[in-house]
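Below are two complexes that have subunit A in common, paired first with subunit B and then with subunit C.
Entry: the complex of A and B
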């Protein structure tokens, strides 16, 4: 069970949510915005998460939007992963989302929760990084829209009191050729050894990773190596592996060496058809 | 009725969510306990500060380990709450009792324990090394059972020796000798229902326990023995149990609940594990290291076997001693070997302590033996099933403990092997390359198992009747999900020739009113309780006939019971309905004879003996069920990943009593075996702390990941069993780990002698790399 007392708040507007956060903070509390709450349940029982006030953003209309308008796809942060899978507005995101946890958990887990979570895989951010999307963030100065690359470095860099409201994806990315693979230690459910997602835009590969390092990433240098098309793909992959950020994970899912072995095969499995396709 | 797939009696309650388990019995005013557990695997406890915790509102008591008696079924080595030092990660160091669980948890978080870490022991081989830290310095002084043989000054809690035949002769007759070593770490049972118990001590001293347990009668007995309570004042209730698999055979939380209740003046206290605690604080599936050496003639007849089992008993011996003994009893696998040397050790380590796991030491030892048999076949260049067939145990042979087998006490292994061979189309192919990356391969194994249980284990049954003539069946078997109580109803239905719907089964156990069934373990429910039910039915029939003889003015010998009546054998039109006599028969003038009819029956195991300390000779169990298994896999040679395509078991079940129930038991056991073999293990850091005690990082097989299961039965009756049926609750599991490892070893063309078979393990073994992280 959650081993601490907390107050529950259900704002119905962005402004109310932000005001609530400020007020609770001023009262000396540690408030937390949340969507599905699965991570609070999972980590608090291990004393790895704490909040004495939780702010449920699922009843804020902007957070529940799933809309295509003026060549832009808008996804609310409080959409559950399964609702995104079912609507399927962005096939690569559907693929990535559908391999997170299991169906029952995905009914709860939200896009925003997965992207902003403490558990470091945050796999649904991969398609967002590849699509160079924008994020709408609410804070005490109102709403702001930023490129995901500005805000997401290893994790979402939100200011105190801010929360993710929406992501906005340029529709031209949605139908690009893409590929996704998730390789696990064993079985069909569980955290990744490595997850790789890629799209091809203007003959260039965009590639993003989860499970390789203790954070998801898209790396310019890695992409440069992978796109050095004058070289055979095997060479490019082995060069790219040398430019991975550090540290490479060495944990209960797998050793560093094995991860790199799996990553090498995963990359050649998804990049070769994508490049040729 | 025998053989019919009767839907289990509790099915509707279970599928509608109405079935009640221990933790569903909430009561107003009940107090809640929270366990404080050790973050270290081996450490001296310097101080426990409870002041802050004690000041949390609602806290009623904080119980620590001081002054408590040592516990343990075969060797009293375990304080119910750690005292002086902790010996495994997750061990209980304090129990906080409060009005609400939230208060108890809050207080538990405020208990500060000062530890001084000690060097830890991470495997049996490490524990046996010269100079290894001693986990129990006082081993010499522990109270022990007559047949436990701890070796003070070492980390050996018990050693079972098997000495059969003449090893020198065996090796001399052997043309080919193979030796290999095997290893796997402890793992979890992962039952859906976590372990839990409540206790209450009433004003008159009656101790009432509700427990999710396979051994309610043992709880009663042990609370009496450990704490000097009158055993008649201990009453244990066990409702339905949501999966047990051996993990609920040990008695642990019940003792804590009792102690907690005692600390708060007898008020009712509920103790339950979180999932994380259920995984490591409560007893686990045993780990093992082993070395097996087998010698055989050039034409494939095994002449000698030298076997060393080093079981990872963990920090305390408790049930592990029994498990390691059971592995020794059947150490050779189901093969006829005249010369056998086996040492099976229960070794202390700083891992969570071990309990039985479905198959009780057998899937573990079979992994080592059946892998070695495959290696032997490869060396001899003999077909793997042929080698097993040649050496298959048969009537007239003797077991490792020198029991002479006959047509009743052992099943027909050659028939199982022959049927398996057809079923999996063994002769068509054993390894095929589908393409440059994909290969399919089959692996086989055999198994056998007897039940090493107390030589005086018994079971009782009571039948009472209702005014409509229907029967209430009361047996001490716990319904742990196996459907045994429904099978007992079928046995009774057959015997009384009565509709199954007229037999009402009492599901829950109340040790005060339910006749004892030793323990619901070891695939012994149907056999022992079945015999008790038949005996109770005979008793009821005798009484029914005695009254009916008066009513019908006929000799009891001329009467038959069935179809709700007692009737004349040669003229069924002359009868009296059962309902008219089960509460006494009333004549038209009001006179009555007879009285309330109660059938009683019991069964006690016959001719069992303890094992001789030096040779192991003795009769450990009543019969051996035999089985043959196969697994077919598809292996990716580049990625080292694989799919389990098919899994097959052919089991000599004696007689099928309930076909679907039997299939369910076997498939469920196979699934557990494959899950254990392919992915279940605790992962330890270098201080022997468990890294994956949550189901998000410890991931058993999921629905949807299952292979096609193929299950067939051979029926060689065990003459003294109800309708000839043999035990079958565990046997589907026995050969699965070995069959999977055999298939993958063939596919990957490298011997795989460790579990679980993660692709990384295959990669490391194949690439010959020694990477350390898992």
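Entry: the complex of A and C
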């Protein structure tokens, strides 16, 4: 039960959505773009999210695209995670998405909602960071395309009134050797203690993390340590752990020490076969 | 309070209701249409007791707005009548208190329709969306498998 009222809007074009946002904002309202809605509905019950207008982007054709064209994979922000899993255009994204929440919830959770969400795990961004993808963003000045590394720093840095329309992935990344592991406190459904995703490109490892810090990240410094191949892998992992961003999460899922212990083993488990493969 | 007319098609019947635009589908099904088969459990998208089909896809109705489901076919547990999965739940003793059963049945019904060749991994992936506190998981899995096996026998 959502404890406050809002108006629901269903634009059929990007321009209409942006204009709506601006109009509602000028009327003194607090509009939110709405994808699957799972986070808005669940957080509103806890008074952690508020909107007095929601703009549903699921009926905008560009947001529902799943297309391979000219060596580029385009994924609309309003695609559900299960629709991406079933089409499987990017196996590492499929693997990562399939470990988010549970199957039925993923019928609603969208790619854009997971990447732009308030809940900080945002695990589907990991393959996007590893693939150096580009994002298409809509705002009052029209559409713009940016590298994900410019726009995603701990979270999506969208300007007021902007929303994520699509992600574009160079096809050369989608079939690269890859690995993924999600370690939970218990069970097979739920938030991660740590999630690690990696690809191997031109003999270099790209590695991204969720659940380690209160934000997902890919770090050049950490990757440099992991790719220092003149050293044994155990030494590289232990050095990489010293360069993790801060703070390391310390919560009911696990203490700092336990997380780092799990992370060390997770890295060892997935990077050794990936490097040797 | 912001209310509007919403047209819902539930179990092949059309309904015109006046509801808040912020009302969840679960709330409207239970309180406006009197369809109390979908159960409020966690109201947080975790337990699956409120699962219904929207456009043949299992959805946790506590996490969907009623207005989002407008003009899409909705199937609740009241819309299933003597289906193979319902009979299998009885034959396999796949419930105890029964509170989670409508959600499990709807999800399992969709699974057997969409994946008649589901392997163990697929069955587990789908059933993990629902929680049973009486822990009838083994029997529920057996019920699903018995329906899939009978489908293959009949093919």
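A few points about this structure:
What we mean here is this: the second predicted complex is superposed on the first by the 277 of 277 C-alpha atoms of A that agree within 3 Å, B and C clash if a C-alpha of one lies under 4 Å from a C-alpha of the other, contacts with A are read in each partner's own complex, and residues count from 1 in each chain.
Rule of thumb we're sticking to: contacts are C-beta pairs under 8 Å (C-beta built on N, C-alpha and C of every residue); 3 or more make two chains touch, one makes a residue touch a chain.
All values reported here derive from a predicted model rather than from experimental measurement.
Of the two partner chains placed by the overlay, neither subunit B nor subunit C lies in contact with A:159. Once the two complexes are laid over each other on the shared chain, residue contacts for A:1 go to subunit B and to subunit C alike. Contacts of A:37 after superposition on the shared chain: subunit C is touched, whereas subunit B is not.
Contact with both subunit B and subunit C is seen for A:189 once the two complexes are overlaid on the shared chain.
Of the two partner chains placed around the shared chain by superposition, subunit B is the only one that A:47 touches, whereas subunit C remains out of contact.
In the superposition on chain A, contact of A:262 is made with subunit B only, not with subunit C.
In the superposed model, A:103 makes contact with subunit C only, not with subunit B. Shared contact residues of subunit A with subunit B and subunit C: 1, 4-5, 42, 45, 102, 188-189.
Chain contact summary for the complex, subunit A toward subunit B: residues 1, 3-5, 42, 45-47, 102, 185-191, 250-252, 254-258, 261-262, 265. By the touch criterion stated above, subunit B contacts subunit A in their complex at residues 101-102, 105-106, 109, 274, 276, 638-639, 678-679, 683, 691-692, 694, 696-697, 699, 701-702, 704-705, 756, 758-760, 763-764, 769, 771-774. Subunit C meets subunit A in the complex at residues 1-2, 20-24, 27, 43-45, 48, 51, 57-60, 62-65, 67-68, 107, 125-126, 128-130.
Put simply, subunit A touches subunit C in their complex at residues 1-2, 4-8, 36-38, 41-42, 45, 56, 58, 98, 101-105, 107-108, 188-189.
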